[in-house]
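There are structures below to look over.
In the two complexes below, subunit A is the common chain; its partner is subunit B in one and subunit C in the other.
For the complex of A and B:
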């Protein structure tokens, strides 16, 4: 340890040790929990959305810390990015003054806290009953690459085949993947259909030449609504 | 580098990692801040020249090269104002949110082979996901300013960014498909060698999709002609109308940081990354083309290559800004939904078919196809199969190859 110390008093630092992994776990976990509480406790829609973003982002940080990079990036993309739309709607709603402050009635608060406490108790009990979670882990697991994940989605479990030499592509996720993608396509088309602009037929140029009516601008003005509905 | 600190100097592991993390963070911060200083000066000069003016000429002696620094001092000295009806917490927070998002994306961005803050297995995905988060700062700023101009600007930006994420994602997927990896370092390394190996020249479809990517990237960082969020002829200054001083400058650092980021991403995804157009090091015999054995100097050259390409991208953005007029909001949406998205989808399909039928490219042997690499995966996984199942395996193998290349 002490070869060629360049005159730096190494022993001074050796007595102190900071476990960065544990530190960041506690940090992210604290941020996630506190901002999740703040979502419930604050009464401004935009601040709620901001706290939700913080909470979900800290969860993504926990995923990165555990070595699940793909899951973490997904969390950022889908959940944190999805909250963006929520935030936009929050801003649009609070543009009207009667909705600036959303105060929950006291009765609702009681019911909600009973439900939440019950759920928390069940989850805590479940988490502590798992044998392998009771002792601290061995730090970072060597992260599996995203490639086996992608291959599994197209029906080839590379990780299992390499070990067992199995031929059958069993356990692949091709069918669920296809079902989900078709489902999303249906949702997308449905959203586009529902959100399309219901406007009067714009006269064709041929008709315009014939008539001397005032010409309406031919914007496809409602397309942004389509997108925000469709990207959900 | 942490290994060097632990073994040679003898620091304890936690301290070594702290030093390395701090150093990386400072380096990335300097890329953004130093880059912003240079790009602001360049923007002034380019704008002036395009408009037949001189731009800054006196500050710092010649060419006004200290103009950005003078601007910075001026911004420091400005009064920090906040509107009376503003949401104080969010108003103060918004610039930092914007800047942090821009900064975080740089963590996963490689500047040369393995010269990256944190090499992520899903690097492209991470960078694109973070890029979409920058708009949070803008929306918060627009909302918290309690000003109609700001709110309008923020709403426009939100609609724009959410829309343009779709074609941008499609464009980014194409190099991922060609390289067979989402790791930015791997994608860059796949393009080593002559310039013909760059993904932009891989086939006609990638050449087109590169320009679609440029359009979408321009829109996603809110530069003209897509700068509706700060359209100064309509909205005073858009989302940053109420900001002044240092807080305002954070927005601008974030903007120039993002410009550099998307340009660097374009360079890595399509333009060969840190590989020069001519494999000089290989020709001179300094390396055998395998970058793992690269000495330190080659990494420096790689960094310079990437910086050069990214800077060229930023200058192109400036050129476009001072050339094209601003689009209307409906035109922005039309560009996204009626042009960029269908073109990107069609080109994606084209690249897929090209990979399926012409995996070697027209110039045989010039490019090691990503499909081949994937077939290697399958071969490896099916190697242990028994002989009587062979006919079945060939069928499933060909089916999987088809599905995989899809």
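For the complex of A and C:
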């Protein structure tokens, strides 16, 4: 450790050529992986949401570094800006004190960790199994991808015209685009139908619990839930 | 040691990051008792897969400067992002409905159809 900590500033001044691409790759990869681990290890659902935001944002940074700048922007706008806000709203709508942190049994955690380590070992071994994947990239600066992506979605592959003869021309994505758009419409209607406020004759269990809570402020947790953050 | 790592950003390293995200997501889906935690695990899994698609489709990372997948990887990743948004909307609606009916989001309590 000492050698490394002495080595960095010396070589910083000796050779100014720092590989910024590698540096930012390591930074974003570390943020993404550590945040993903924190999502797993945290019991508090609010903290899980926060760490998930960090992890997905760092993934967007990795997309930018891979030259997929339009996809990185979409990741930030749709995922971080849309999906996660939706999740956070879900957390807020269901944030009762005893539901904020549901503790996982330790035995489940151990078994899941062993299985995940095995899965990770297989995946990492597979990732380093092909030789051409291990070579660092040439660093070819590619053209902006927004226009080719948009044209591919309406069925015209402009990226194939530029490299004619290298690959067989592939079709566009007009049909998947239509399917996804209809699917999104169906999802919109379905989500609105499922989450609509229903008129009820009998009071909801939520209202019963809320009224019990308001009458009796001390919460008596049952055996499998844990109370956290008791300050009210 | 650190500078030995700095020179690299190859497809393999993207795959490793994707594998870590995927494994975390699988564990999250398996062990979380909060339904929203399970949803977050699904998001992590989809992101790990997306990272692999982008890495394989990136010309920047390809060893010969031209990836075999090309733009297709990014298009698939874009579809995955869109479908993840749709899935989150429906799953959240189901979770809220479950919460309204059972006053909990504990997935272990969702055993009404238990035989």
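In this section, the second predicted complex is superposed on the first by the 152 of 232 C-alpha atoms of A that agree within 3 Å, B and C clash if a C-alpha of one lies under 4 Å from a C-alpha of the other, contacts with A are read in each partner's own complex, and residues count from 1 in each chain.
In this section, a contact is a pair of C-beta atoms (placed from the backbone, for glycine too) under 8 Å apart; a residue touches a chain by one contact, two chains touch by 3 or more.
Fair warning: this is a prediction, and the values are worked out from it, not measured in the lab.
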| item | value |
| --- | --- |
| Subunit B versus subunit C as contact partner of A:173, first or second or both or neither | second |
| First (subunit B), second (subunit C), both or neither touched by A:31 | neither |
| Subunit B versus subunit C as contact partner of A:187, first or second or both or neither | second |
| Subunit B versus subunit C as contact partner of A:87, first or second or both or neither | both |
| Of subunit C and subunit B, partner touching more subunit A residues | C |
| Which superposed partner A:70 touches (first subunit B, second subunit C, both, neither) | both |
| Touching partner for A:22 - first (subunit B), second (subunit C), both, neither | second |
| Common interface residues of subunit A - those touching subunit B in one complex and subunit C in the other | 4, 8, 18-19, 70, 74, 84, 87, 91, 94, 145, 167, 224 |
| Subunit B contact footprint on subunit A (complex, rising order) | 1-6, 8, 10, 13-14, 17-20, 44, 46-47, 50, 53, 69-70, 72-74, 76-77, 80-81, 84-85, 87-88, 91-92, 94-95, 143, 145-147, 151, 154-156, 158, 161-162, 165, 167, 169, 174, 219-221, 223-224, 226-228, 231 |
| Partner subunit A, residues of subunit C touching it in the complex | 1-3, 5-17, 19-28, 30-34, 36-37, 39-41, 43-44, 47, 50-51, 54-55, 57-66, 70-72, 74-75, 77-79, 81-86, 88-90, 92-97, 99-106, 108 |
| Residues on subunit B engaged by subunit A in the complex (per definition of touch) | 8-12, 14-15, 17-18, 87, 89-90, 93, 120-122, 125-126, 128-130, 132-133, 135-136, 139-140, 142-143, 151, 154-155, 158-159, 162-163, 165-166, 180-182, 329-330, 333-334, 336-338, 377-378, 380-385, 389, 392-393, 396, 400, 403-404, 406 |
| Complex contact set, residues of subunit A against subunit C | 4, 7-8, 11, 18-19, 21-23, 25-26, 29, 32-33, 36-37, 39-40, 45, 48-49, 52, 55-56, 59, 62-63, 65-68, 70-71, 74-75, 78-79, 82-84, 86-87, 89-91, 93-94, 99, 102-104, 108-109, 112-113, 115-117, 119-120, 123-124, 126-128, 130, 132-142, 145, 148-149, 152-153, 157, 159, 163, 166-167, 170, 173, 176, 180, 183-184, 187-188, 190-192, 194-195, 198, 204-206, 208-209, 224-225 |
